[in-house]
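First chain written, first letter: the chains are A, B and C, and each begins at residue 1.
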Amino acid sequence: MDYVIQQVLNAASIGGEYALLALGLAIVFSVMGLVNFAHGEIITIAGFTMYALFIFASPTSAWWLLPIGIAAAIAAAVTFERVAFRPVRNAPATTGLLTAFGVSIVVKNFFVSVVGATRPRAVPTPDWLGSQIVIGGVHIQTLQLLEAAVTAIALIALLALLRGTNIGLAMRAAAKDFNTVRLMGIRANQVVLAAFVISGLLAGLAAVFIMARRGAVDPFMGFSPVLKAFVAAVLGGFGSLTGAVVGGLALGVAEVLFQIVLPDKIAGYRDAFVFLLVGAVLILRPQGLFGRKYQFGDKEG
Amino acid sequence: MMAALQMRFGLGRQSFVGGFILAALVILIGLIVMAAAEKAQIRVANVFFVNLILVLGLQITMGNSNVANLGHITFTGVGAYVAGILVAPLAIKATGIPNAPFGLNTFELHFIPAAMIGVVIGTVLAFLTGLVLTRQTGIAYSIATLALLVIVHTVFTNWVDLTRGPIAFYGIPFKVNTVSLMLIAAACAIVARLFRDSRWGLQLRASGEDVLAAEASGVSVKRLRLVAWTLSGFVLSLGGVMYAYLVGTISPKSFYFDAVFLTLAMLILGGMRSASGAVVGAVIVTLGTELMRWLEGAPVIFGAKMPQIFGLTGFFLGVVIVLFMALRPDGLVGDEELDEMAKRLWRQRKARAAAGEDTGPETSS
Amino acid sequence: MLVVDRLSVAYGSIKAVREVSLRVEKGEIVALLGPNGAGKTSLISAIVGLVPSAGGKVELDGTDISRKRTEDIVRLGATVTPEGRKIFGDLTVGQNLRLGAAVRRDRDGIAADIEQMLTMFPILRERFASRAQTLSGGEQQQLAIARSMMSRPKLLMLDEPSLGLAPRLVEQIFGLITELRAKGLTLLVVEQNAYDALALADRAYIMNSGRLQFSGRSEDLLASDDLMEHYLGTGTGGHAGAPG
């Protein structure tokens, strides 16, 4: 029983992390048709900001690193939009994707130049993030519990925002038809900004959890989780918010399952198996689980 | 034979002329380097030719299909590993991969059949993966290519018995030189140019703008993309074989993001819509990275490794990509091949000269 | 109120609007007529900045708006009810209306206006909580107009409000247009339905192939079968239709 609960929580926390990231990708994509390949670098920037703060300000408590990391993630997302993505806002999807790819390379190599590529740098996170608690005789990692809970709360908050606020409604409307949203007098820049703030915030939350688990930063740390998030988003149907969440959780479950069933000898292939599984789903449903059958990445209207 | 090609694929004379001009340009670069350069520079040129082959391979799919491809280096890796393992001397295999599957450590092949097998396996893999990939559209397609890269990379890193895993596989005999590389790169340039101008390439490029319209008029975009993807897999795995024979040492890292990014940057900078763009981009990025390296005062490199593009060089390449996407998304060369551009400019000049001579109203030619 | 001076629109090499000039005075209903592809939608899209103009000038109440963003032009009081309605299908009727008033901050005023719209369009009250895409075409058109009204525009440009509606609904919509004018709104109405549009418009402009072909009083047009035939291809008794 203990074991089952462990694994369920495992899947929920990993899946939650992917869902947070995939959701950020999906929001930006649905609002402005951009595939943000630099999403992983938001995590990296958050990580390095926490590192810099730790080195230069040596805060008395590691607590402070968390909100700062999240703020840095939001700032990074917004800066990317302002500097790199705005000039290509109305360009074809491929142009945006390659721009984001370029941004990702710029950021990675910036950190490589500044701190060097090879060695991860340790960053402390609050001790309680690494602790365990016992609920009804079951040992549970605080981090995992928190991760699952924060993901759930973030999702509910996002849902409330999308249903109950003008900017949320505008974002949903813009996903289908940006021009008509502008005809309501709503500023396109604000809608896009909101999308990036949300995606930055979600990535920031994920970054904090990733930092707590890794305890160190390096210039390439954002890549692997975001790659998974991409796959999750595609699995769910790229641009669908529900799809992003379901895809993320499904990926988490698949990873944990493969971890359990794969013999040690081929455990290294886990990611390959996960991706192949996703590939198999996509053969049956090319538009993903929740995707509209849209053509070639185009938005309507 | 050319006439048959013309008939079958709808190729005009200009395509052949243009292809040969481009090939001549590539060969010219090789000749200049061989005549004038020192050893270190020849090494740079060799790597340039390999990269050029890869960029041309990338151009065939990405330039014509107009969707971003981020997994092309997969086939380069497959070609390199297959040929490298087949050709490696028994003694090397005995220490490197003593437990090789399929009895691969019990024989060594001549480098030509090894190369051929490498290319065939790479191409077949491209075809098979293409069957699945081309069902995807737009963004999903790009991400699927990326997933393919990761899957194959995972295999390279984990199949220790076959590849030595993350450790470099060494001891592949050096079997190519500047002449052979330059000739193969030139041939690939012709292939890319002819494919671009062929009926398939044309339909594919037309469909890049409006896939629905193309499908509605009876053009199967999926099939065309599969053709481009497979042909590009052929060129890319050939490039991989060349890489293995040039460098002698390969590791999974050689066929991962750095290579993807470098070749992508070359293609974007030159312009992905033409074969000339691939050549121009490869030349300029190579010169640029060499310049950067020189500025950074990097130490002399031993062996002909792929240039390291970390740090400042990578930073600037990234900036170049972002700037080009914002300001000149079609790259330096743009929509026309160099020969087409030259022809147009020449015509315009002649027309202007003619208009200048007779003072009457504009004559249209 | 609106002065358009030699405005041009080009999509690549296609010139959709060529140096069109027109004016709309405060309180007027002006009809903009012309066959398919004449450039009517392009013209009003350029007026509100949804497509870039390739030359020319647009003034709203004396302010040059040629270089302004759509959202700012809407905030200045000119808006478009787009062709094909373009309601936000995933949102409810109420949410559509709410977004229409997104630029306003007066909560009470917004609530009052929503109430007014629901009175004007009873069907929207009935379907207030339904997703907008479940509305019928005519209902969607009503929603689109109501949504435009929610920003309290001074100048409303309606792009083919009668498109795809049954004659009874067309009548209703045109009745509404007169009603709106009575409330002090200025209207520019793009229509294929020439007779009905002319019946309620004070003046009319006729476009063809991107050019302005005629401008004058609706009465004059309606009174002359020759003019109607010549510009709109609709002789006596004919309705709508366009020359090839």
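The rule is short, and it goes like this: a residue touches a chain if its C-beta (ideal position, glycine included) is under 8 Å from a C-beta of that chain, and two chains touch if they have at least 3 such contacts.
It should be emphasised that the depicted structure is a prediction, and the values quoted were computed from it without experimental measurement.
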{"item": "Identifier of the chain whose CA centre is least distant from the whole-structure CA centre", "value": "A"}
{"item": "Dominant chain pairing [most C-beta pairs in contact]", "value": "A-B"}
{"item": "Gap in Å, rounded to a whole number, between the CA centres of chain C and chain B", "value": "53"}
{"item": "Approximate Å spacing (C-alpha centroids) for the pair chain A, chain B", "value": "32"}
{"item": "Whole-Å gap separating chain A and chain C, where each centre is the average of the chain's CA atoms", "value": "43"}
{"item": "Of all residues in chain C, the ones touching two or more other chains", "value": "none"}
{"item": "List of chain A residues in touch with chain B within their complex", "value": "29, 35, 84, 87-88, 91-99, 101-110, 112-113, 117, 223, 227, 230-231, 233-234, 238, 266, 268-269, 271-272, 275-276, 278-279, 282-283, 286-288, 294-298"}
{"item": "For the chain C and chain A complex, residues of the former touching the latter", "value": "48, 50, 69-71, 74-75, 79-80, 82, 86, 88-91, 95, 98-100, 102-103, 147-148, 151"}
{"item": "Touching residues (chain side chain B, partner chain A) in the complex", "value": "66-68, 70, 132, 135-140, 142-144, 146-147, 150-151, 154-155, 157-158, 211-212, 257, 261, 264, 268, 310-315, 317-322, 325-327, 329"}
{"item": "Chain C-facing residues of chain A, complex", "value": "166, 169-170, 172-173, 176-177, 179-188, 301"}
